[in-house]
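Got some structures for you, see below.
What follows is chain A paired twice: with chain B in the first complex and chain C in the second.
Now for the complex of A and B:
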């Protein structure tokens, strides 16, 4: 287990380093510098501004500066929002994004698990069809369309919930639901398949033969075994939800990090793009790391199987 | 009692010709797969829908006497009518023509990106799996790292660097998208390369390139096709997503993503404008997914019931 964890940690660090380097150099390939759109300023002032942000140094030196600051946890100063550090902006923008992301994961995963289990236990029954329909919707309707439709019907026609904005819990309900559809679809289908697989196993027959009650068989033998493969999709799922927040925040006017990210792209705000990309990537890579470790802990076959699947 | 003599018996020997005659026509892998696919009604319906969609993407933009970029500021935001079958948008552009123009662009992006992903992934995975050992180790570590990079974020960054446009979208998606296919093909090749027919090919002096392309890849073609079918809707979704946040195809060109984005801006006043792009994105993604499911059942002999 130790060796497996160590291996995963090395991967994580290398992945992050590749992302940082790639982002940094890609960023500087974008035509123009952040001050090209400013009003015409005297050359001297321009030079001073470039010097202030170290933009006049050779690229490799800038890269060195950036890495050094990064190791101190400093993501630099935004080039557009005067004197606001990227750290500050992330601190302000992350909580709303995090709350919506977490709520939709919890909603999607828990509802998906329940639906999957119920569907497998009533194969070809009513709930099986309900879960199939939901899965089809979640798989084929993009989240931004679900979000717009929810906003249109529930908020602006029926007026049950606020249309957009941020502040109370009511504001978070629709965005969370819209985001959770995709994970709901994936989890419920996977859980159903996994449950059906387990139901056919010999140890379930043994358990029945021993005279265990069906509740006990379902809880202790079926669900515990069927839930294992679900953990592997959690990593990619979280990635999907995190990037999903970009559009969802735009639609519901939520002052989250996704909004800042998309804005910084239009503003050519180097440090901001770099900072948010690295922040997002770190979160995602960390999530995948924890998922891998958890899976290794739960299922010994993974860590003993030379890392391959 | 009747006497049984030899003459009363007739020798019925094995009729070699008859017993070895092939009664049913022999079937190739593809005929077999096609036969099984035909029995799957849902997959066939999806296939028919996709073919119709493809035809409409080609002829649709010419069915009405407007161009996708023609503006008519006297007729903005009109509901569907005899002149404008799907209505017009906020610049008076005909939505019927734009929807099919969008279909053309979305399908082009989806199919091209998926095919390129497939080709690169197959070559990379094939080489990695066939040579094994250190080569495989290094190549797969690279894939593992690329796999860890959040897909959409990288696509967004690449779009920024290369500037918006059709080619850029496809390139950005392919740079990040081939990894999954490489993993799949490598896994398949690792299993296949120990089999006797590979050894036979080797003994006959076939080069590694020939063995990979002529022996190993054709034997994994089923999973590859299935995976490409699932990649198409993913690429269409990514494009719609990018267009929706303003990074995709640029106006006046239309894709389903930009149409949906335009429609949401006037959603409260003209909700029906969202219907067509939303409907076609959803049904297309659904059809590709269902067709992929059908193909998986038809092409993968291991899943046969």
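Now for the complex of A and C:
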């Protein structure tokens, strides 16, 4: 296990390095520089600014500088937000995004699992259709529509919860719900398909022939075998959602990380682009690692370590 | 031999599946009984209804689309025909054990072998977990798996096919059921392992005085293990009798064909395997007459028009064929017989 973790860590670092390198060079291929949008800056000042951020140096030298700073854990100074380091911005923006993200994941995944299981057990029945309708809504209706509908009915009309803003737990409820629809849709469909697959397996017949009740069969024999595909999508899903979403955070006025992913690109905010990319990739790569570990816990056939095998 | 006690009696069982295309009449009036301590083989080709019949007894067919249309199932003096799923749960696993065709897929891959055996004990008996695990270990010893101490903590993928079938037998017999239903237990195993599994089943049958119903299309297996044989064709029983009667004095043309199609070691090189020409009837619309008529070399006009009645050859030997009618021409089995059951 230790050896496996070590090997995986090396792979993760290599993966990250590839991502950083690709992003770095691709980013510099975008026409313009961070100061193009600032109109009528005297050429001399412009040159000074470029020099300050080492942007006048050859690309490969800049790349070297960046990697050196990165090794010290320094993502650099944002080129757009004056005097704020990328580290600070992420540190400030991540907690709200993380909270909303995790809440929506917990909500979406648990509801999705229940719906998927119920749908599979009542194939072509009432609950199957309910779950299918919910899944179609979740997949096809953009979350900003769900968000605004929630704001209108729950917050504005019924006045149960605040419309937007940040501060108390009440503020986090609506965005979490709005965000959870997508994961609910994915998880419920996937769990349904996976459960149907397991229901047809021979070992379910064996379990029934043992005299187990349906509930016992579902809990002990079906769910654990059916949940593997869910774990697979859960990694990327979590990574994508906890790092913030542009639209939902904008609508509910959450001081999260989402907007930096988008704005940094049209601002040509080089350090910010790299910073957010690295941050997201790290979380993604870590999640994939956890997924692989979890696999082994759930399915002994893919268990790792213990001297290989 | 004296009157033997009946353990399971199936009377005129009819079982259908409702599909989009219509009703598939999988089992059409099947009757047989199993005595205490004996081994009964149900043979027939794929799709003849042999598995459906036994699954119907255990109520393991998914319902719907499956549906018990008629008949009676009496097990150990109890009429279990209309038992609810809850009532069946008390019988499954404890009084009737079952093993299946493919041991590779019949065990839950995410649960240790020990737990899977202990599960059936815990379900039916009020014992502590540790006690159940101890008995699971004993069962592994009984079915001949070495290092049972270690093996109970392993997962199915760490077992070979033959060992998994042994583990399945351990699960099925953990509570010493009165009846073991083995649904093609050796089909998925290679030949040397088949023999071992059959020997094990015979041993345990004696040891626990269990009745066995073995579903198979392998006449070699039948010869090895069974006391009596039921031959099924297209959802009906065409012939039944003791093993000697079926192998040495078969009466039904279908049984002749079955026996003739068995590959023989003493066959000459140029001899080809002899199939039964044709395919079984469509069970969406089974023929009015004898279902085998279309493939039968001796079919008469009546065979297409009315179903034959069951006739008695002896106390234990019944045939369902028009050739047994007093007015029918005398036809005898044209093939040299008995070789398959020899040895």
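In this section, the second predicted complex is superposed on the first by the 256 of 309 C-alpha atoms of A that agree within 3 Å, B and C clash if a C-alpha of one lies under 4 Å from a C-alpha of the other, contacts with A are read in each partner's own complex, and residues count from 1 in each chain.
Keep in mind that, in the parts below, a residue touches a chain if its C-beta (ideal position, glycine included) is under 8 Å from a C-beta of that chain, and two chains touch if they have at least 3 such contacts.
Predicted model, so just to flag it, every value in this text is computed and none were measured.
Student: With chain A superposed, do chain B and chain C clash or fit?
Tutor: Result for chain B and chain C: fit.
Student: Looking only at chain A, is it chain B or chain C that touches more of its residues?
Tutor: Between chain B and chain C, the winner on chain A residue contacts is B.
Student: Thinking of the overlay built on chain A, is A:201 touched by chain B (first), by chain C (second), by both, or by neither?
Tutor: second
Student: Considering only the touch criterion stated at the top, classify A:106 as touching first (chain B), second (chain C), both, or neither.
Tutor: Touch status of A:106: no partner.
Student: So if I put the vertex at the Cα centre of chain A, how wide is the angle out to the Cα centres of chain B and chain C? Nearest 10 degrees is fine.
Tutor: Taking chain A as the apex, chain B and chain C sit 70 degrees apart.
Student: Using the superposition on chain A described above, determine whether A:26 touches chain B (first), chain C (second), both, or neither.
Tutor: First partner only, chain B.
Student: Looking at A:136, would you say it contacts chain B, chain C, both, or neither? Reply first, second, both or neither.
Tutor: So A:136 only meets chain B here.
Student: After the superposition on A, what does A:144 contact: first (chain B), second (chain C), both or neither?
Tutor: first
Student: When the two complexes are placed on top of each other via chain A, what is the minimal CA separation of chain B and chain C in Å?
Tutor: Least C-alpha distance after superposition: 11 Å.
Student: Need the overlap of the two footprints on chain A, from chain B and from chain C, as residue ranges.
Tutor: Touching chain B in the first complex and chain C in the second, no residue of chain A appears in both lists.
Student: Under the touch definition given earlier, write down the residues of chain A that touch chain C in their complex.
Tutor: 201-203, 205-214, 216, 220-221, 224-225, 298-301
Student: Considering only the defined contacts, which chain B positions touch chain A in the complex?
Tutor: 144-145, 148-154, 156-158, 160-161, 163, 233, 237, 240-241, 244-247, 260, 264, 267-268, 271, 274, 278, 281-283, 285-286, 289
Student: Which of the residues in chain C end up touching chain A in this complex?
Tutor: 58, 60, 85-86, 88-94, 97-98, 100, 102, 105-111, 119-120, 123-124, 155, 157, 168, 171-172
Student: Which chain A residues qualify as touching chain B in the complex?
Tutor: Within the complex, chain A contacts chain B at residues 11-12, 14-15, 18-19, 22-23, 26-27, 29-31, 136, 139-142, 144-145, 148-149, 152, 156, 239, 242-243, 246-247, 250-251, 262, 265-266, 273, 277, 280-281, 284-285, 288.
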